[in-house]
Every structure is written in C-alpha cells, then in structure tokens.
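In what comes next, subunit A is part of two complexes: it sits with subunit B in the first one and with subunit C in the second one.
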Partner chain A sequence: MNVTNSSWTVLFISHIKRDVLVNTRSLIDVISVFGFMLLIIILFPIGIGPTKEKLDIVSNAVLWISLIIAIIPSLEKMLQKDFDSGWLDQIATSPAPLEIILLAKSISHWLIVIIPLILASPLFAILLDLEFNQIPWIILSMTIGGLSISLIGIIGAALVLGARRGNVLLPVLIIPLIIPILIFGVGINEAVKIGSSPLAHLFLLIAFSLIYLVISPFVSALLIRIAISR
Partner chain B sequence: MLTLKKLTIQRGSKVVFSNLNAEIKTSALTIIKGKNGSGKSTLLRTIAGFTPIEEGQIKENGDNIFIDKEQWVEKLIFIDTKNGLSNELTVLENLEAWVRIKGWNANKDNLIMALESVGMQNYINLYISQCSDGLRKRAALARLYFSFINKVDFWLLDEPSNELDDLSFLLFKKLISKFIKIKGTILIASHDIKSFNVNYNILDLDIIKQLAKP
Partner chain C sequence: MFDWLANPNRFNRITNKVQPFFALVSIVTIIFGLYFGLFDSPKDYQQGHAVRIMYVHVPSAWLASGLYLSLAISCVFYIAWKHPLADLISRSIAPIGALFSLLTLITGSLWGKPMWGTWWVWDARLTSMLILFFFYAGYILLSNAFERKIDGSKSAAVLAIIGVINLPIIKFSVDWWHTLHQPSSILKLDGPSINEQMLLPLILMIIGFSFLSSYLIILNVKTKLIEKKCEALILKSNLNEISKLG
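This part shows the complex of A and B:
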C-alpha cells in the first residue's frame, strides 16, 4: 500500500473531526467543564466579601486556577472511552501512527473545551471585575494555555489508562507540569492589568506549549503501547 | 505457515504459557480452542502485536513477523470482544472512521456494501449506543468486507460468533469462505466450535500446553 505523508494529514484532520463529533454528541462533558469553571468564578467573589481591593489581588489567579481545575476531570475521559471500547486496539493494528492520532485527540479536546470558555470570557471578566481591555489577552492566554493543558493531560490520561482510581492519580501526576503554564498565564494578565508589556510572559507561555507539543504525542504513544500490552 | 516457536508469554506476573510450539496453516481457517483462561485471547493479542513476547518467536515462512511490525499489522484485521466501536457514532460513521485509520479509501458505496455483507443495511444510521450486542458485533464484522478490496492477509477474531443469530452467522460463514478462496488466513479463538463451510484446523491450547510442559 502506498502511504504518503499527505495521507497522514488527511487522517489527522479526519480523526479530529471524529473526536469532535463524538464529544459534541455527549455534550455533558463539555457543559461540565464550562459549568464547573463558572461555578468557581461565581463562588469566589461571594466568598471573599464585597471588597474590590481583595478581588483585585486574586482575580487573575482565580481565573486560571478555575480553568485548570475545571479541565482536569475531562482529561481522563479523553482516552478512557476509546480504551474501553477497543478503539485504541484498532488504531494499534492499523498503519496509522499512534502519535498522529494522539496529537489529533489533544487538539480535538482543546477545541471542545476551550471554545465555550473563550465565548464566555466576557462573562468571567464581569464576574471577576476585570477591565474589558484585558479580555483579548485572557482569550489569547487561555487559548495557548488550554492547548498545553490538553497536551499534558493526554500524557497523564495515558499513564493512568487501565489503572483503578485513575481519576485520583491523574491530577497529582500532571499538576507539577501545569505549574509553569499557570505562572506565565497569570503573568500575562497581571502585566496587562498594571499596564506593562505582557510579551515576555506570552513568549514563555508559547515556549512551554511548544515543548509540550513536541513531547506529548511521543510520550503518550509510548504509554498507550504499554497499556494495551496488558 | 505461521510457526510459534518456544513461545513464552506473560501478562503482568502471570505466565500464560511457556515453551509453546505450534504451527498454524496459512490460507486456511484455524480455530483456537481452549478452556476459559487458557490464553486464547492472549495468543491472538500476541500475534496482533499487543502483548510482548517474553521468549521465543513467531515466524511466517521462516521470517520473524515482528521484524517489521508496521508492515505486519497493516495486513491484518483484529476484532476482539471489545469491537472498537464508539457509542456516540452511528454504524456507518464508525466503519468510516475505521477505514480511514487503515488508510483505505472510505467511499460511501464500499461502506454500504460492507454493511450489506453482514445484513446491516437497515441499521446504517443507528447509533451504536442503541444497538444490541448482536448488532454491534455485526457492525464490527462489516470491516472484514474490506479485505476483498484491499490487501489483507490475516483475520484475528476473538469469539466472533457468540452474539450472532443464525442468519448473521450464515453471512459470516459466507465471508469466511470468500476470504479463504482468496488465500486469506483466519484465526478464530472460540470455546465452542460451530460448523463452517470450509475445512478447518483446530489448535487446542489445552493439549498443546500439556505437551509444552518440561
């Protein structure tokens, strides 16, 4: 069979389409990410009381931590369903490289999770009393940061595949890797808030995302090969 | 000829079999028989390249099959009890996604023909979550049809006929004899042996494991 590089691009795109289709048909996962994040953001200002100064100090951190906490439960499902249904076995007995499929999976997870959050970012800004000139930066930083979280998450999901209590183990494993994303993500928004240039933080965030983009498909493919060999 | 030579396979800490020797005829149907837990599925998963071989070799006409693993898995179709179907997709979408990862041409006529070959033409747009176990199995077995369009040499099937009713078993038998005719090799792991239209060999794991004991 003649397999060319362009056919892998076709495969990559068609697998993204498949995963997006699967996820949009089980909308509950998407809604739960969005709803969870919204809940944290609603509860936080109520919890710290009606003082604007207090909220000012923590608002960006709250935004980012709620993003991370909301995404984590959805990460495990990224691979678990396909592992249980035997789809990963079918991929393993096909000429399609597992790495390409896994990259497609992270990208589709990112699209499904991050698009509703981007659409809702003005709402989040209002709830956390952020300036409107921050919104484009929130969207930009969450988009890049969200991709990193998906890429790291798929490594964690592959690692706990087939393990009991994987949902407990997963956050512990991936949160250390997410810390740089949190630091630079919050850094961008803080810099915008005080009126200085956020570019340094932005470039570092992009740099980390690119590192994860390169590492993630290979590491997770290796882990999945181990998981299906059991 | 597929030769299993001094094969030792472990799953976790459990040794499934050690020092196993067997020969499997190519271009023929072989049924792997054995008790529950005798390692039928593990043997299939090993041949499919999932479970790593601890010791020994599997050779096809003298060559180790895993020397070029990608080339090996390209020419086989593996269907086990898990089917590999997504609940959220329809029967047709599942088949299409599968044909695409195989790198084959997923044109609609072929997909419909494949589903017709297992009698699924009336269930094309049914979601897998709404399908019964029998329908799911048939949706998975529809993949076999693509062996007649593309280059496939091996079918590795784990308990394929358990959920099938009489009519779909008849269609399944038709697919088997058609594949044998084009020199395909079929390995079926099953605990009960049904009648097939073609001659078949039996590989009884229980007996072979007795022989393999040192």
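This part shows the complex of A and C:
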C-alpha cells in the first residue's frame, strides 16, 4: 500500500483530533490532574510554614516537582484504554505507521493534560509568591519540559503494558529519566530569579526534548509490538 | 559466532572449566588486596585510616557502572538476535550490579560520616550512583512484573538500553546541577597523584571484584538454566499424566 508523506500528516492530525475529542468528552481527567497539582502546591507551604523567606528558596522547585508528580498518574492512561480495547492491536497490524500514531498520542497528551496546567501556571506562581517577570519563562520552560515528559511518558506507558501493578511500576521507571528535565527546568527559573541569563539551561532543555522527540516514537512502537506479541 | 556461544550446553561446558579459576583468582586477589589495603598501605595525610574504605568503594563503583554496560550489551543481543541465553545473562547481571551499586552507596556514606560529618551528601557522584541503582531496580522490577516471567524480558531489555543512552545525559546534568548549587567537592578519591602503595591494593581489589562478579554471574546463569530444565521436566511429566488419563 502506498503511504505518502501527505497522508502521514493527515493521519497525524486526525489522530490528534481523535485523542482530543475522546478526552474532552469527559473532562474529568484534565480536571483531576489540575486539582492534584493544585493540592500538591498547597501541601508545600503547609509543610514548610507560612514564612515568605522559606518559600522563596524552594518555590521554583516546588512548581516543577508538583508538575511532574501531577502528570505521572495520567501517563498510564495514555495507552492502557486503547490496549485493553484492542485498538492498539488493530493499529499495529494495519499498514499505518505506528510511530506516527504514537507521536500523535504523545503530542495530544501534551495538549490535553500539560497545556491546561501551563495555562494555570500564573495561578500557581501567585500561590508560590513568584515574581511576575518569571511567569513567561515558567510558561516557556514548562511547555518544552512538558513535551519531553509526554514523550518519555509514552515510553513508560508502553513499558508497563500488561504488567502486574503497572501503575506502581511506571513512576519507578520514569522518574530517573525525568531528572534532567527537573534540573534544567528549575535552572531556567532560578537563573531568571537571580537575574542572570537562563539561555544555557533553556538550550539544554530543548536539546533534551529534541533527543526524545526523535527516539520516543520508535522506542514506544517497538515496545507496543512487543506487548502485542505476548 | 554468537550463535555458537549461545548454546546453553556449550555455555555450561566452558564455564565449568573457567569457574574454579575465577573463584581462585578472586579469592587470592581479594585476600592480598585486603591485606595490602588494610595493613600494608600508608594512611592518607588528610583522611587518615578512613581512606581504606576506598579499596572497597572504588572497585564496587567501577563494577556497578561496568556491569550496567554489560547488562545493556547483553540486552542488545537479546533484542537483536533473540538468544534466550542472553536474557538469562542479563537477568543474572542485574541483581549483582544492583548489589555493587548499593555497596558503593553504603561505603560512600560510611566514608562520608568521618570526612563530611554526615552520612549522606548530595555529591554529584553519589547522586549519579543512586540513580544508577534505580535503573537496576527498574530493570529487575520490570523483568519480573509479568505473569509469565519471559514476557517481561524484552520490555526490560529495551528499558536497559534506554538507560544506557540516558545515563551519560543524567550524569552530565547531575554534574551540571552540582556545580551550580555547591562549591566543588572537598576532595577527589581518584586523583592522578595516587600513591603507588595505594595503587597496588586498589588494582588487586578491582581484579578480585571483577572475577568475583563474573563467578557470581556464571553461578546465577547456571542456576537459571537448571530452573528452566526443571520447569521443562515438570511440563513433560504433566503432559505424560494427561496423555495417560486421556
């Protein structure tokens, strides 16, 4: 069967549309992720104490850690439903390239789950007493970092397909891979905070995301073919 | 060539010959290394006797990282050529590598208590080693997470290969993070200006630990082979019983 480049684009866009539609029909997932992140952010000042000085030291790290922790439960759902319903089997055996569809899946996860969190980040920034000049950088760093979390996340979701206690296993496998994102992401915002140039961290974060943009579709496609052959 | 090596019976025959030799070499070098390291080497002018922890710490750190590389290589063989023996070897390497990284962390913190005054410092090397330990743990957990053990082999092998691509990135980012947050570490364990009397026991211990880990891995693989044979025998007798009933 002839699959031309333009039909790959059509496939890509139609799959993003499908995933966005499926997820926006019930907004419960998006809302629960947002609520989870809000609650984690609320927990930190309660644990640390209400003084502004203490919160000032950790605020950037708190924002990033709560972003990562809030996203992780949603990663497993990226593939689990489609795997259980047999949709993934059909896609894998069809002539459509699985890699393109998985790339579309991670992009749509980024659109559905992470972009709303980024849109809400000014609210989180106010809660954590961050300066207003930091907000554009927070949005920029989280947009890029969030994309690479989605790209790594789909690898993790494909790794635990069909495993016992996959939802517990997933964070253990994923968090070590996410560490560089946390380091570079917090680095960008810390550099802005002390007034130096955040570009070094930003470029490293972009480089890291680009590596995963290249390898993630192929690795997750390989893993899904493994999972289906079980 | 690899097909030739991938035969379990041939593996048994070859390892039967080399295994006693490995055991002998590791026992002799570890005994001599420990003697030279603990009794017959100078104490460090800064660290005192605490420097002797290095003779266990550095070889374990080397082996923890080296074994991860060999784990990834054997996983590549499993993914590319699907040799079942490669899977058994990677499953055997993982717990031993995890053990050595744990040993590195424990000796590191034992050394840190008199030197730094705390059990744990977020030193770049210790942090990278901790992350390496989590990679080992992830491999072990994932490879055993399925109803049938063999189902987890391929996914776990892919995880190990992703890990070996990622570890340099993580190592770099942790170093980067560390230089930004803290002044450079108090002292380096492996400087180029190491005393010769310290170098000898260190080399002996590295050789001894390497042979010890090879010995243990071979032992592990053999046990797993016997396990497989037992499973096959049980399956066979069950089939016989069923055919008798039928």
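Note that in this section the second predicted complex is superposed on the first by the 228 of 230 C-alpha atoms of A that agree within 3 Å, B and C clash if a C-alpha of one lies under 4 Å from a C-alpha of the other, contacts with A are read in each partner's own complex, and residues count from 1 in each chain.
As a convention for this text, a contact is a pair of C-beta atoms (placed from the backbone, for glycine too) under 8 Å apart; a residue touches a chain by one contact, two chains touch by 3 or more.
Just so we're clear, the structure is a prediction, and the values are computed from it rather than from any experiment.
Enquirer: Counting only touches as set out at the top, which of subunit B and subunit C does A:Gly187 meet: first, second, both, neither?
Expert: second
Enquirer: Would you check which partner chain A:Lys81 touches, where first means subunit B only, second means subunit C only, and both and neither mean what they say?
Expert: First partner only, subunit B.
Enquirer: With both complexes superposed on chain A, which partner does A:Asp89 reach: first (subunit B), second (subunit C), both or neither?
Expert: A:Asp89: touches subunit B, not subunit C.
Enquirer: Touch check for A:Arg230: first (subunit B), second (subunit C), both, or neither?
Expert: both
Enquirer: Which partner chains sit in contact with A:Ser7 here, subunit B, subunit C, both or neither? Use first/second/both/neither.
Expert: After superposition on chain A, A:Ser7 lies in contact with subunit B alone.
Enquirer: Contact-wise, after the overlay, does A:Arg18 reach subunit B, subunit C, both or neither (first, second, both, neither)?
Expert: In the superposed model, A:Arg18 contacts subunit B only, not subunit C.
Enquirer: Between subunit B and subunit C, which residues of subunit A are contacted by each of them?
Expert: Shared contact residues on subunit A (touching subunit B in one complex, subunit C in the other): 230.
Enquirer: Which part of subunit A faces subunit C closely enough to touch in the complex?
Expert: 155, 159-160, 162-166, 169, 172-173, 175-177, 179-180, 183-184, 187, 204, 208, 211, 215, 219, 222-223, 226-227, 230
Enquirer: Subunit A touches which residues of subunit B in the complex?
Expert: That would be residues 11-12, 48-52, 70, 73-74, 76-78, 80, 82-89, 93, 97-98, 100-103, 150-151 of subunit B.
Enquirer: Give every residue of subunit A touching subunit B within the complex, in rising order.
Expert: For this pair, the touching residues of subunit A are 1, 3, 7, 10-11, 14-15, 18, 21-23, 25-26, 81-82, 84-87, 89-96, 101, 228-230.
Enquirer: Residue numbers of subunit C touching subunit A in their complex, please.
Expert: Within the complex, subunit C touches subunit A at residues 131, 134-135, 137-138, 141-142, 145-147, 151-152, 154-155, 158-159, 162-163, 165-166, 169-170, 173-174, 176-177, 180.
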